[in-house]
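In what follows, a single structure is set out as structure tokens and then discussed.
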Amino acid sequence: MMPELGKYAGAVLASYGVGLGLVVALVGASLWRGAKVRRLLREVEYRQGRTNG
Amino acid sequence: MSIWEYANPKKFMQTSGWLLPWVSALAAVCLMVGLGWGFFLTPDDYRQGSTVKIIYLHVPAAMMAINAWVMMLVASLIWLVRRHHVSALAAKAAAPIGLTMTLIALVTGALWGQPMWGTWWVWDPRLTSFLILGLFYLGYIALWGAVEDPDTAADLTGVLCIVGSVFAVLSRYAVNFWSQGLHQGASLSLDKEENVADVFYLPLLICIAGFVLLFVALVLLRTRTEIRARRVQALLARERMA
Amino acid sequence: MIALLLRDLRLATRAGGGFGLGLAFFLLVAVLVPLGVGPEPAVLGRIAPGILWVGALLACLLSLDRIFALDFEDGSLDLLATAPIPLEGVVAVKALAHWLVTGLPLTLIAPVLAVLLNLPSGGFLWLVVSLVVGTPALSLIGAFGAALTVGLKRGGLLLSLLVLPLYVPTLIFGAEAVRRGAAGLDTTTPLLLLAGISAGAVAALPFAAAAAIRVNLR
Amino acid sequence: MIALLLRDLRLATRAGGGFGLGLAFFLLVAVLVPLGVGPEPAVLGRIAPGILWVGALLACLLSLDRIFALDFEDGSLDLLATAPIPLEGVVAVKALAHWLVTGLPLTLIAPVLAVLLNLPSGGFLWLVVSLVVGTPALSLIGAFGAALTVGLKRGGLLLSLLVLPLYVPTLIFGAEAVRRGAAGLDTTTPLLLLAGISAGAVAALPFAAAAAIRVNLR
Amino acid sequence: MDLTVTDLACARGGVTVLDRIAFSVPAGHALVLRGPNGIGKTTLLRTIAGLQPAVTGAVSLPAESVAYAAHADGLKAALTVAENLAFWAAVHGRGGVDAALAAMNLEALRDRPALHLSAGQKRRLGLARLLVTGRSVWLLDEPTVSLDAASVALFAGVVRAHLADGGAVLIASHVDLGMDEAATLDLSAFRARHGVRNGAFDEAFG
Amino acid sequence: MDLTVTDLACARGGVTVLDRIAFSVPAGHALVLRGPNGIGKTTLLRTIAGLQPAVTGAVSLPAESVAYAAHADGLKAALTVAENLAFWAAVHGRGGVDAALAAMNLEALRDRPALHLSAGQKRRLGLARLLVTGRSVWLLDEPTVSLDAASVALFAGVVRAHLADGGAVLIASHVDLGMDEAATLDLSAFRARHGVRNGAFDEAFG
């Protein structure tokens, strides 16, 4: 059910590609760093035997 | 209880932790509906052909790019006045999002400009001032990266953000004064004359809502990360001293 | 205060000090651009106002990064911060010194370079005027940027990244004034706006800069 | 040697290191020039090759002054000079590091900026090619200049003065190649000359630079 | 005037390194701070000099009345010895350059650019600066670094003179200064115990 | 291998500051250079290290076999302690970073950026560098500056170890290093008398 984009298909698809691509990249990066830091924090707190946070 | 309660990291972590899933889910839904509707179900514009579909990414991104900076300005002020670490970290967390939004607006805009104006880029006031906004984001992020004592960095970037805002506004006027552009005016304005046709209107609104929610979700997520990172730093430092 | 001004000027004029080098850089840009762009007088005359202003701006920029950095490295800044003169004053004086060493000479030499870029004769007067009015803003904004980056090694480039966006309005109005002058149009509006920016910068930025320095020293 | 390269790259990418800032500066020049010159696409497209090359050149320039200065200030240079690796090697490696951190990224981002300056589409390929061939020369000449000025406080500006004239041939041929490419003419001659300059620089300058450093250290 | 420090805690890089510090240096007296490398002497002096905020506690004197001499000397390599001193004298709105030069035995070098001084000569010049500040409380961070025996004695004399006309001096040093009359304080006693909280910071991240 | 200096004269800024210097440091021995500030210790060490040409006279060793530790430490603030050492080890094509860290008691700080070290900690790192150079002759310019007593002892131990496996050490210092076995040489005796000629310079202008 792909819509008929006519002669502008390139432009439209490209901008959706780039736009969504950037959004996904940003979200991905945020999640990845989030996970990394969380792991780090857990290690450190474990080492210091202190909880909370 | 005052709003400042949330400036305490622990409280913030609790609340945001509870809030985050809902916001993200809502954002995802809005984006899918809005973009899906816009991309698949809206007709072509009689002048612009299928390129109007770009508006569903372009406009919300552009708006968020501006709003993100405003949010950073507010957060910086809160930090400088009331010294709540969370707000400083929130500003830090928002910057990359704003930059990405600016990029999206620029790229989609450029891709739109190619068919519409016959060129990728023209030095239209709005485009130009957007480029400059992008530069401000870059500088702001670079400064965060270059200073390593977190509080120092927060103070410096805060000052930069305030001064920068003033000059950003100045540049906007300067640019207007300097060239008159091809870019359409505010077409979400109330007067029906130069408004985007209704068929495009509703999905556009949904997309905008989606982007706003996405922004909120990301800010929450990244701020949580920053807080954790900050705490790691503190614990490691103590470890060193012990 | 006076002592500080004199010392900075003396340091600038001593061997290795920056005096005249800003000038030379300005000169070089004015020479390089024709080399890069090619010799057609029409084109050059058309872009002269912009290029001259951009050149002046970069020349300022290059001499900025040391405004505070040198004093920071050798510890003088610590001592100045604990000295009986207000840090805002220190910033203002140092910006003034920078202007005297850079902005002023640039203004004076600009007409000569304008000839190189064959700027239409109408523009010369306005070039000088706009520089006189605009360069103080450049120095002050620069001092602010320098204050932000003072602690950092390799601050130089970061400094330019921070400062150049702040320079945009000054640049636009300045170049616009010259262009209009060259085209024989009315130049009051851009010049007034330019003056406005400079005035605002003089009034506000020393405080922002002093704050930044205090933060960087602690 | 490898160790030195890795260390310089690491320092460049650490907080406060210059990586990416050269890029930013390039970007800024590409933005400022239109702001100064005015928005007409025709004019911009006409001057784009020259401006892009001048911009790349200045971006290199700004990141130069620290090639040796930092190592000199903290005493590393003394130690490197007495280390078992030849000083010529040190210079070559540091120039290489500088190119990896500055010249290469510049080359990669140039096409984007070319869009901003409405470079005629024919020119893009040649812009990249000329930069690939030309920027190594920029880094090496720069390293030589840095070696001459190491040890002087405020060396930064003096450095620009010494280096810019040396950059002139590179600039001319580089810009010429792009202009011809944009006009659809044959570009081999300027490119060959450009390659010649780079090759010569690689072969000869490390020795000159090393000599200069030895003199500056004693 | 007396320098009194009460229940002071000072931090470096977000970490409290010293706390519960309390001592007093009455006018006319000198106090020597001892302690292993990294205990926090420099940090403490910077805090007292008002260059960085104290985590907790108070310093009795306003920063305006203290003169701080750091590891770095704050000299301009391009200026001559005399010019360097004259500048600082002017900043503090006072004269006495020649007296200061004489006191640190620098007349012979007065017109030599600071660039061309040896390590010890630089240091002497840095100390001479104190004399032209006219501040009554001196904070000295390892003042005798790279001074030869003669210069150390010279320095001790200058300090005694300063004490004699009612000044107070706080010195951080590892070596013997040849000033037996000075009291000493070992900072090891004040090392911040593990997990000491740093006000603003832990309100946020404790 | 022995370090022998014969009839050496060295100049600073075109002025001959020391001449007729002659001494020898046999392998396994240490020599401490004494002398008032500005006599020319740093100049002499830089000359022996091959960083500046001798006016007259000769040094028995090639510059390749000496390791020089100056007033400045040659540390990168942005790199960690371990990274700094590892770099110098790699430059000299050797390992032994951990051993060096242990010897100067720096393990605790190994992952701390050099920027965050205190004056004395920096100095310890600067000295640890000597151990990874693998050079047999050390030239040390005021090595114990801002070291606390414990660290000075540590340093003396390291030097003794180096002497024990056949190294030679030349130290310029004003303070007592706690190494009584080391011979001392007072440079005052070699101060260049007024009007001493500086070869190349005076051929041209004499």
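Read from first to last, the chains carry the letters A, B, C, D, E and F; within each, the first residue is number 1.
Criterion: a contact is a pair of C-beta atoms (placed from the backbone, for glycine too) under 8 Å apart; a residue touches a chain by one contact, two chains touch by 3 or more.
As the structure is a computational prediction, the values presented were derived from the model and not from experiment.
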Chains touching both chain A and chain E: B
Clusters that remain linked by touching, chain B excluded: A | C, D, E, F
Interface ranked first by C-beta contact pairs: C-D
Chain C and chain F: spacing of chain centres that average the CA atoms, whole Å: 45
Chain B-chain E separation of Cα centroids, rounded to whole Å: 48
Cα-centroid distance, chain B relative to chain F, in whole angstrom: 56
Centroid spacing, where centroids are CA-atom means, of chain D and chain F in whole angstrom: 37
Multi-chain contact residues (two or more partners), chain C: 16-17, 73, 152-153, 155, 158, 161, 164-165, 168, 172, 218
Touching two or more other chains - residue numbers and ranges from chain B: 132, 135, 138-139, 142, 146-147, 175, 178, 231, 238, 240
Multi-chain contact sites of chain A, meaning residues that touch two or more partners: 53
Footprint of chain B on chain C - complex, ascending: 144, 148-149, 151-152, 155, 158, 161-162, 164-166, 168-169, 172-173, 176, 189-190, 193, 197, 205, 208, 211-212, 215-216, 218
Chain C contact footprint on chain B (complex, rising order): 132, 135-136, 138-139, 142-143, 146-147, 152, 155-156, 159-160, 162-164, 167-168, 170-171, 173-175, 177-178
Complex interface listing, chain B residues touching chain A: 10, 13, 35, 39-40, 44, 49-51, 53-54, 57-58, 61, 96-97, 100, 103-104, 107-108, 111-112, 114-115, 214, 218, 221-222, 224-225, 228-229, 231-232, 235-236, 238-239
In the complex with chain B, residue positions of chain D that touch it: 15-16, 20-21, 24, 27-28, 31, 34-35, 38-39, 41, 44, 115-116, 118
Contacting residues of chain C [partner chain D, same complex]: 16-18, 21-22, 24-25, 28-29, 32-33, 35-38, 43, 46-47, 49-51, 53-54, 57-58, 62-63, 65-66, 70, 73, 152-158, 160-161, 164-165, 167-168, 171-172, 175, 179
